[in-house]
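Letters A, B, C and D mark the chains as written, and numbering starts fresh at 1 in each.
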């Protein structure tokens, strides 16, 4: 209990994580994707990542001279690992990010062009627990995993889905948006061996309504040992967590607190713990069991 | 051009392999940086400010970005002195120079912290954090009142024979007066500056961005303020100075040395590029060599001023 | 959404058509901006600080760029009060609100300046520059010592019945105390902040960049500091506040108003885009309208704070 | 004598100057030119300029969101006026600048690409006196004008040369550089009806040596009423001014002090006057009679 700042979200995080690197990635492509953009980066010495990890990337491409504004890097989930093999190092790995333009940093990022250089630190954070059961001590292999993604939250779910599939889990993916044009990454998820359910609030695509409708269906369909992984806007994660709790299944979420460093030294990314005190989202998370979080205390 | 150059500096009795330290609260407990730089290739680091007991900080949001700067109101979240000495220090490689930072609400608490860390052979010096800009009690109060500051330094000085640094608050009218008080009470060195008290507002929520309302401004935005204070203090005291504030690269660090700093601390830059400190140390040495200095230490105070 | 909104504010007894003034020393004598904006569409402007006699400033270099900021040491170069009243004022269109800024080394000089400009019908108010960060004598000394500041305000107050503003220096420990002194001595409003004392160094010449060594830091870099001070002063006094420091766009200006400013001054932004002030006035009004405010004046102090 | 800050450099500046505009220029092209670059800008509502005037331009292209670093605009001489007619307004005028990368602002400028937007304020300053004699009260029409350009200083001389030619002056242009690759704008000057002399310090092109050698020749060649216009590094301008003084002819120079505003309100660009006090370079200049300047007091 002496280390106030390093509570681990769960004992089940994968331990054979690679050390993060810092370096300059090259923009391979940066294209529109639904309501946001898809950024492909070639990262020298990229060691590979674990599903749920993230990178800190510079706001926009770097000029030939330093510009001090905006100052801080931005956290972004690693959507896809391309051309690098799991946690093993390779000379250059390609990764993909999915992002939406919400402010200055992401606006500048959207202006980065092929061949330009972007600062990258990562992979960071603990990923999703995959191999061992979480808190419910049941054998999860073969049991159902329900992945719920809203907005850019789906960026954390693609590699998770692949990893769960490869571990023999039966995977349901629920992607939600306001309308048809809102969904990102749909084509990659369609190519996976998952049951894909899309929801739109206006009914323009897939199921009419919120992601919680198919989630509730999936949870009450009787199967035991399901796990929910929900990543998206806070209200969505809260609602998913509540449904999971009602059905006595574990729910993992990934928090998106503002961050300055991403590796546990600025103490800026604190999220309140259910039992008092704080987690550092970047180091103890960003993945947490929903019930470990004090949702009321989140800004 | 390629002769070896003496990079070491003696800062307040602490021999550093080069003048680049990292600033308290921006370098964790050191090990976090092992993937990014060689801890034995920087001058050393000042650990996160310690309190007697482990302590949680402010609720979120704790940080915000401002033009060329960042705002924080962490509020001395730390593992406490015991865990620091028993768990954090032993995890560090042997050659790493560690300076402990002490924070409290009473001079006696600072003194007790100083006494406890002084017993540990791995501690090379103690920095008094008399300047945290966003903790309600303690810290900044000492840093803003010469009388209180004098009492604080006196009491801590009695508690340790180790090199004693005082980190000053920039939120004062006359920084040189504060430095003189520290010198008179037996401090071995001055670190300056801590973050500048500041605020940011979100016009959509119409609320302060930080839960604490006020925070400390750090980063390049404050560098010209820090540089001015280092220069003013260098005119006022004989004890050595460690320059802190917005240092992003070797050029920035050299400016502080020219103004009179013996060493520097790199803070916010560690977040942007966790290898900053090592890169800066190399850059200083290259500058010294290419500009005809025999020793990096000769950069200190090498500013030519038109008058005064 | 398109109803007319009341943009006017009453700042210290001066009725402004909108809350956007321009800051002393950054707007010349007004006419220089005629090609870039409509002088009758901004709230008004504070003219360059005046001395009794025409005055040249410091030798070059007088300015430097810093991260998200600029440094200046102009040192109150101005045409003198007579030329200001006889040549500069008559050149302005009728509807322009002009506030004169007074600078001196003695309270009596400030008082004489105040008396002389008060006679002129085109002067809507007087701002005491008690805060120039780079003039050797005067200015900042008053702004850094509550006793001197009190004497200064008292003497100027006796000399004029016009709206009297005091522009405070940020280079102090307790800004709220300085504001309280001004209020007690009868000032009608407070402008803050002036530039922050700072310094920049050229590592190639190994000299200070400014001939004056020290200068004043302005621009976005200091905005979070200015915002904090406005908020602190708003808690401390009843008289209205004019927020100054790093305002580049309407959002920045609104932050100051939410923190308690009745009006704002745009400074360094005038150099980057000489039409800034008018653009900002329009933006404030649009924000007020789209956020359900009936009057722009209702933005003042509309910050929700978690506590205190 | 009451206005300490607005001393006019000479009574001969052209008075029918157009009001400056502020706006966003579009980058038409931005290409290498000798040791520097040539930037072509399309400026909405460009009113045209007078030889010797300048613009304040943003450091680098503007992103979709504001970046506050670097903060200040940079002064640049207007090298060529293209497609706008003298001082008359046109819907969009094209202008060309010649610049060298010396720091952050010019580095960022060099990265601006076709179609990007750059902030422009101008035209600013007083240009060269053209129509009337300066201080020496002789009729200058037909008399020799010797234009001496070093480095990017030549950017101030092209439109001047054209204007002088059209006024019937006989024009000599001396362009200097360290070596052959150093010269900019040579092809435009070659196309003018001027006597063009290039000098290189290493003799790799034209006359071997400094610009002062052909200038001295030109001045001592006996003709009366010559005027020297020297723009370049301060030591070069000083040397030219000294030669002109020795030969009792006027020498105009254009100063390059750092500037924040460019139109007389920051008072940052002060240059010391020979008779005490300061000129504002942006408003009283940037063109001055060399003897009006206190050269020792220039930083």
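Basically, contacts are C-beta pairs under 8 Å (C-beta built on N, C-alpha and C of every residue); 3 or more make two chains touch, one makes a residue touch a chain.
Everything numeric in this text was worked out from a predicted model, so none of it was measured.
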Item checked: Touching both chain A and chain B (chains) -> C, D
Next item on the list: Calculate how many whole Å lie between the centre of chain A and the centre of chain D, each centre taken as the average of the chain's C-alpha atoms.
Entry: 56
Check: Centre to centre, by mean C-alpha position, how many angstrom separate chain B and chain C?
Finding: 34
Notebook entry, point to check: Where the CA atoms of chain B average out and where those of chain D average out, how many Å apart are those spots?
Noted result: 47
Note to self: Touching at least two other chains at once: which residues of chain C meet that condition?
What the structure shows: 67-69, 211, 219-221
Next item on the list: Note the residues in chain A that touch 2 or more other chains, in rising order.
Entry: 66, 68-70
Check: When you draw the chains as points and link the ones that touch, which shape shows up: line, ring, star, complete, or other?
Finding: complete
Check: Where on chain B is chain D touching in the complex?
Finding: 67-68, 220
Margin query: Give the list of chain D residues in touch with chain A in this complex.
Written below: 60, 63-70, 103-104, 107-108, 110-111
Notebook entry, point to check: Mind pulling up the chain D residues that touch chain B in the complex?
Noted result: 68-69
Check: Which residues of chain C touch chain D in their complex?
Finding: 25-28, 32-36, 48, 54-65, 67-70, 72, 74, 77-80, 82-83, 86-87, 211, 219-221, 248-249, 268, 270-275
Notebook entry, point to check: So in the complex, which bits of chain D are touching chain C?
Noted result: 1-5, 19-22, 58, 66, 68-73, 119, 121, 257-272, 277-278, 297-299
